[in-house]
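Presented sequentially are two complexes of chain A, the first with chain B as partner and the second with chain C.
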Partner chain A sequence: MIEKKRRNIIKRLQRTPKWKKEEFSEIEYEPTPVKDLLTEMKDISELIIDLAYSAVLFDNEEIAEEVKYLEVRMDKLNYDIRIMAMMAARTKEDAEQLAGILQVAQSAEKISNTAGDIVLILKDKNRPTLSRILSKADEKIFRIKVFSNSKACKQKIGNLKIETETGMRIIAIRRENIWIFNPQSDAILMANDWLIARGTDEGFEDLDKFLKGKLRVLE
Partner chain B sequence: MKKKTSEDIVLEIKDKSELMVDLAYSSLLYDNKIIAKEVYDLEDLIDNLFGKLQKGSLEDVQKGKLTVNAALTLMRLAKAGEEIADAAREIADVELRDVELHPILKMSVQESDVVLTKTQVDSRSILCGKTLGELKLGSETGMMIIAMRHKNRWLYGPNKNTKIDRGDILFAKGPEDGEKHLINLAKAETDEI
Partner chain C sequence: MIYSWKKIVRYGLPLLTLCILIELFAGQILQSGQNTLLKIPIYLISIPVINGVGGNIGSILGARLASGLHVGYINLDIKDKKMHENLITSLLMGIITYTVLAILIYYIASFSRITMGISLIEFVFVLLAVGALLICVVSVVSIFTAFLSFKKGMDPDDFIAPVVTTIGDTMGIIFLFLIIGVA
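Let's look at the complex of A and B:
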């Protein structure tokens, strides 16, 4: 009986989404440099909007979950940066300069909250309108598959120079059931991966040909 | 000129608000008040567009051109853009204040995944006299031009018909390794796009 109960608890824990775990994790004081906190906040604020649009565009719950997770993460970072800034202030001049940092941090947090609102459109069931609008934007979001005959297979994103050669920024990779969000230059592409990337039509065409194996090198 | 539809307005809000965030961070990086002021002006423009959109989409519903749900989606999307624009203005506000910027601000912008860069176009550069549409810098170097300074004139969010002249100062964003390529092109160190 106890065994069964325990198994149920473990099962429930495994089902707990990542964002909930982050939300209920105890906030412990860890000294992190203000610069690192702010850099991460800026990076999240840029990534999260693209992810939010992708979640709606491709009607995808998992991307929506990641947006939620990043939102919670952002709250924590915003809290940490306040504490760190307060501890760093010694004089009125310090405080004035640090207030500027906190204002930028607050703005980054505001952007991430907006991403959460965009995801709510997912529940509107009005994607056709949205897809039509987003298909006319300056930079669009695309979904591209990596084919096994492409030279990209088993290569690092950084070595392929995808972003500098095509202007396409990969924001997520889906490999079977796993998602890799915001892949860095050392992430390796595999056959049958699905990429979600942001860029222009021209960039998409080049990258698509390359990933289909129709183009041997990107240049 | 054809009247802008509600969808066109939403699109304009989306594209402009994203440009504003880039401009706001650039203003911090280069301690540039002119760019920061532009962010302020753009925010006014967006408020204006947002008001127009709300009215316009309600009218469309009344005329039966738009369903209630579609109008709601448009408004929510526009609202998101408007909030992003607000956030950008708050970032620019830090630059416009009479307080010296904390060095960390500059460092954080520099160290992030997407870098911002500034370069002046040399008279021998291959970029001279060509339009952005011809050059396709975005898909060739990964760098997107977000603003330009032509003599005393500033241009924000240039489009594919914008021509680059010698002496222009380009502000761009993109990946770290794209930065060098763009600078080399502008400085006439390479002709290969």
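Let's look at the complex of A and C:
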């Protein structure tokens, strides 16, 4: 009888989604530096938007679950970073600088909350058509070719600082018939590559000129 | 609020008791070397200075390291570059302070007609040697206490300063006798 009860409890626990467990975990001091926490928050805030849109685009409950988990994790990280910042501040200069860092962290947390709201669309029965929403977005997807007279040939993406200078994020590279998805900073651009990049119109114009060889350096 | 007297006693008393015991040990060493010190009494007035400066430099280093660990510009690693920079700065600061203080003490002592039996160069050399050794030891101690306080989330002010100053006092006296014995 007891055995059965216990099994039932375990089953119920296994059925609880990951984000719910995270939400009820206790918040306590953990020796993680502010820098590491902020890095993780920045990474999550980027990932969570990708995931939220993917969840809506592909109508996928599992990805939505992951978004919820990340949103809850972000809340926890926000608490942690506040705790660590309070431990770290000693002088008024420290406090002034850390206040700025906390503001960034707060904004990252806000982004994740909004991403969580995007996923709520999935619960709506008569959701709006996605193509109409996406065409109004500031960031669009572009396709750009790397010309052989551009400075970018045989350079690492990280060295070109494309994302910091233009705000364009390279999602994929097509080299003849080979696809490189989610290229990291050590990926090398070659002549005649096709880039799939995400960003604003202005960013696209700069990057396009640079990759056509009209601009010598990205600034 | 956070600093109720119960809490202060509970966290402070065990560590302070331990520190007092170590300080008693330092006092015993001082007493055993009484005769050497009385021959050249200028050392007697320099003992508080040596210990004070050593302890302070260690505490400052410890507090800075603890902040650095929390913010993350210092990693929890013995080979961290930023930490080495901090160490070298402390050593430099210590050497400058000790040189200035040595000269100052020497002249104040000569004004108040304390029997000398030692030249200025010799005195500065002894104080510098003691100071350099002391800061090295105190720095290592403060690194370990800073790491520990970061790991456990203890208040660096409650923990690092007492430990570092106590060990600084003890080692300061030991090093002074060592250097006097050599010189």
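One rule holds for everything that comes next: the second predicted complex is superposed on the first by the 126 of 219 C-alpha atoms of A that agree within 3 Å, B and C clash if a C-alpha of one lies under 4 Å from a C-alpha of the other, contacts with A are read in each partner's own complex, and residues count from 1 in each chain.
Basically, contacts are C-beta pairs under 8 Å (C-beta built on N, C-alpha and C of every residue); 3 or more make two chains touch, one makes a residue touch a chain.
Small disclaimer: the values here were computed from a predicted structure and weren't measured.
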item: Contacts of A:T166 with chain B and chain C, given as first, second, both or neither; value: first
item: Superposed model, chain A: greater residue contact from chain B or chain C; value: B
item: Partner chain(s) touched by A:I9 [first = chain B, second = chain C, both, neither]; value: neither
item: Touched partner set for A:M84, first chain B, second chain C, both or neither; value: second
item: A:K35 touches, of chain B and chain C: first, second, both or neither?; value: both
item: Intersection of chain A interface sets (partners chain B, chain C); value: 34-35, 98
item: Residue ranges of chain A in contact with chain C within the complex; value: 29, 31, 33-37, 84-85, 87-90, 94, 98
item: Of all residues in chain A, those that touch chain B in their complex; value: 34-35, 38-39, 42-43, 45-47, 49, 96-101, 103-104, 106-108, 110-111, 113-115, 117-118, 120-121, 124-126, 129-130, 132-133, 136-139, 161, 163-169, 182, 199-200, 202-203, 206
item: Contacting residues of chain B [partner chain A, same complex]; value: 7, 10-11, 14-15, 18, 21, 24-25, 28, 69-70, 72-74, 76-77, 79-80, 83-84, 86-88, 90-91, 93-94, 97, 99-102, 104-105, 107-109, 111-114, 136, 138-144, 174-175, 177-178, 181
item: Interfacial residue positions of chain C with respect to chain A in the complex; value: 63-64, 67, 69-73, 75-76, 150-153
